[in-house]
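Labels run A, B, C and D following the written order; every chain starts at residue 1.
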């Protein structure tokens, strides 16, 4: 079988390099082109020694590919992606530029007017557990944010079943790579180690994504989302709090989740509080639903690798769907633990 | 001025050793006796090189002191403390054995019938910000738990003012030293590093403490408390979510907190999300109250060093009050950062 | 093609679980049996959630396999391995029990008289870069220690070429998983984080292994080996210092190494100081030879993942050789970075 | 007693802020002025919340002080310091600008011609254990580098006694704060965590300092110095390897060190391999001398906090000497552990 030729735009960030790592192991696609401004002209393996097995030079322009991943920053990504879609390529955009259905949200949350509202309408939000069929049919995929992936997977079964009130709290804890490879004081080792803090309390950009997808499942969710930075490189643990419309037993709750995710290769409903480390380097999302019996409140915990199911792994899963490949191809490797 | 002679029972855990560190720097008391079973007979500085400045040998029995700290495990501590109180010593118990006013709670939460209900009635819950006067007058002080200190300081102003509904969520993130110096797989470096997880979802022992103190301030709080373990040695960040009875502005909220804590030497109301690392090694608690404007929900974040204001630092603060010393004596050193 | 049936004795330590992770991804062998005392009867995925993809129950006795890995502790391993070899199985022993050719060394270094000196003679020291042919022919393979792998690969080209004097210093820095999954104060997160220390200054058990293999290459090396514990889960960086018999240029040195390792799939001679993290989760060893021009001293740095090329990865590489498979089968995945 | 007025030039780096932390606790000096370009005009406590107890605004120009610390980068520091010395201030320079006696070394190691060779001649190298008398008499103190402090204290007794040959290896492991608060990819949390690497193999700037001081003690040391970066915020562990001129027993060696440092308040000769964490936040240096009995080689290990005895703590110790104060004033606090 001929391998499908794929490329990565902006391979030099954490998401781009993790895409390359996954694609290197993929049986049915071949990574033939990678771009990156700062490192253009260099061998990929010289910039990222762990990728030395890929015989590629970083280019300024994308080569001849059938499917492209864009790991460009938001706003810049839309500008790069539009012409590719017009040329008939399949595109998976890992920025936020095609995630929000309502173009009117971009100025408020991202500070720019969306340049391509019609494309926005065509784009599919790439959470396979909710939109598998549309993903398989689209040419433009908006890969979900890392926090939204964990939050939506944690809450979708309850919201869709209409079992909880609209008041939802999402308390997330993320590792530092989620903030990217750019240099900021907050990601300086000496500042981040031995520290935990909350941030973006005025409203994190991933909030409208969470609200959009939950709303589509039912109700008018009023979500308070507080992300926290904890000292680890990878991983997001999300603790969701919700009020059931009627008293729910723990076992019934778990069965609801098991049923919802029973055919999902990358969501596992677990029976003990999950550890981010059990997803390290993989495309897995673990979900743990439980009930605080004293207050009848529901507590749903999910965890994932922000660069795996939270970004590059999920993008490969989406690619598999878009190319008609086995959904799990290239994603079978278990997490690296400890 | 003669220094007051004090001692530490069970110096060999993290709380005990941190007490010794604080007391070494105290201008008005002298640490003259430390006990510990496993290390009895050894020089303190041989067991804990950072305490080599203290010229002490670890003993099996407490020597002649006027005030004793007990850093024994729960259940064992009550047995040790009772005779000391009878002998007229002032005692600060850092276990949970005298924290819960209702003796009936001990079997359910700690698995033993309380051996000294009358002593329980005498004991004062040592949160100076709420009980300063009683602390100054007591001979038996129950030093608060690390999570309750952060949660209560975060919520007290709102609960006392009757501004929030009873539904409260407390989401805490703690470093590993909070679990003690005992050896468990969960505190193994290779397991804990690069990992975040939730635990005690059936009900953490610190919950009744939180509920007891908030109830005393007003209302019938229904608290869901979920502690999380994050990869750091020290620090607790607690994020509290509450629903205001009526819409509250951010500035009014902040003023409420400023007023409540205006004379408190160890609680600082801050204007940006605080970092646990800013309290590292100190007795400080930082509190950040804010409003999620989209949902009108209140978010109150506190942070502290679990061995500082969460344990040994607060115990020294209580000692100062019990001995009529300046409340800040021996506690002036700023946090060590970065 | 039928897959070869393999098993792991004592899957519940870090080496055992890492073996299972590698074998799960192997195209030509099937892991059909895993044993472990403490967890016998449990599903492997319940004990190690990252291995839930393996449909196995932990047993007390090894099932029907053609090749067995023993991840038992030293002394116990020899007792388990001997009968398997007699039954005609191929065995890869990851303990130290068959590494030292001279049975007389076991009492001094490991505290027991070797129970099977004849088997010792049959065993092959499993460093493929030095003993590939013998490995392919043996039924009993002694998988090298983690420190020796890094030290020998760093020094072998120089020692074999007879270019350095016998005085060699090996200064290693290892992550905490190297000490195993057992519980010790030294591997407690609160003790190990933010700490670096040296240990085993009286003589580390891996020293005789290093000396044995270097001696076989030439000379009578007098090695000072000092291991250090640094706060990370995985990884060993080894810095070797040696005196050249005559002045050596940096480029000539590098060429010597490139030639020595030119056909090696898992040793890469690099042109900048390597990072342990570039080998994280992989079977790679990076080697960086250089010259301190001011003193004419040679400095050779190697790094690897102590659970990868330092243990389980190398064991799989050895298995591939013993079974006549492609040497890189199941080991192609790049390191997980960052 | 009137407190001496002191100031810090460039308080906004790690060395500057750590100086402020020490000075805040000092009984006999008052920190009255701090400068910093980027943060000029801001309250010190707003920039560094752990220093909120200091009621200071960051200025562009140093105020009226009797003694100034310069924590400026090298080259810039010399320009700032010279006029202060001329004005009669006592100055402690924490940069490298006055450490090397031979002005001719600056172009090669630091890339600039020294602007003030005469001042260089006046400056005293501020290692109290070697130059206490000169320090007490100088107005211009060159505070030693972090690596040299550890290396020189480890080696001085042997070099001065003439007991070792000139061939010396210094293998250091440092935490990330040693590289400063500036933003580099190497200090990004996601890169630095779970990583160890060597650097500066072409020659680290601290090498000439080490050589200068050892040479002054005797011999013509030929030092190979290799620094390594390990994932921790603070701490340096230095392992030195040397060849004794004649066989030395471990006990005699230890006695040599005990005698050499017997009156030193901040150097402790220990009997077990020391941990960097035992010096965390303090001015202590632990030294552990031992013999590798198999090779007769000497191994001397030292450790310290790179911001403590390796920078700010030592600067305060020097200040105490220069002002005729008790040498330990303000430096009594034990390390914070764990």
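The criterion applied here is as follows: a residue touches a chain if its C-beta (ideal position, glycine included) is under 8 Å from a C-beta of that chain, and two chains touch if they have at least 3 such contacts.
All values derive from a computational prediction rather than experimental measurement.
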Report task. Have a look at A-B versus A-D and report the one with more C-beta pairs in contact. Result -> A-B
Requested in this report: Please identify which chain has its centre, taken as the mean of its CA atoms, farthest from the centre of subunit C.
Outcome: B
Query raised in the report: So what's the Cα centroid distance for subunit A and subunit D, whole Å?
Result: 45
Query raised in the report: Centre to centre, by mean C-alpha position, how many angstrom separate subunit A and subunit C?
Result: 36
Report task. Can you check how far apart subunit A and subunit B are, centre to centre, with Cα atoms defining each centre and the answer in Å? Result -> 38
Query raised in the report: Could you say which residues in subunit C touch two or more other chains, in rising order?
Result: 14, 175, 177, 190, 193-194, 231-234, 274-275, 280, 338
Query raised in the report: Which residues of subunit C touch subunit D in their complex?
Result: 167, 169, 171, 173, 175, 190-191, 193-199, 201-203, 207, 222-224, 226, 228, 230-235, 237, 239, 241, 243, 273-277, 280, 288, 290, 292-295, 297, 299, 301, 303, 338
Query raised in the report: Which positions of subunit C touch subunit A when the two form their complex?
Result: 14, 17, 21, 24-25, 48-53, 177, 193-194, 233-234, 268, 270, 274-275, 278-282, 286, 332-338
Report task. Would you tell me which residues of subunit D are touching subunit A in their complex? Result -> 14, 175-177, 181, 183-185, 187-190, 192-194, 231-234
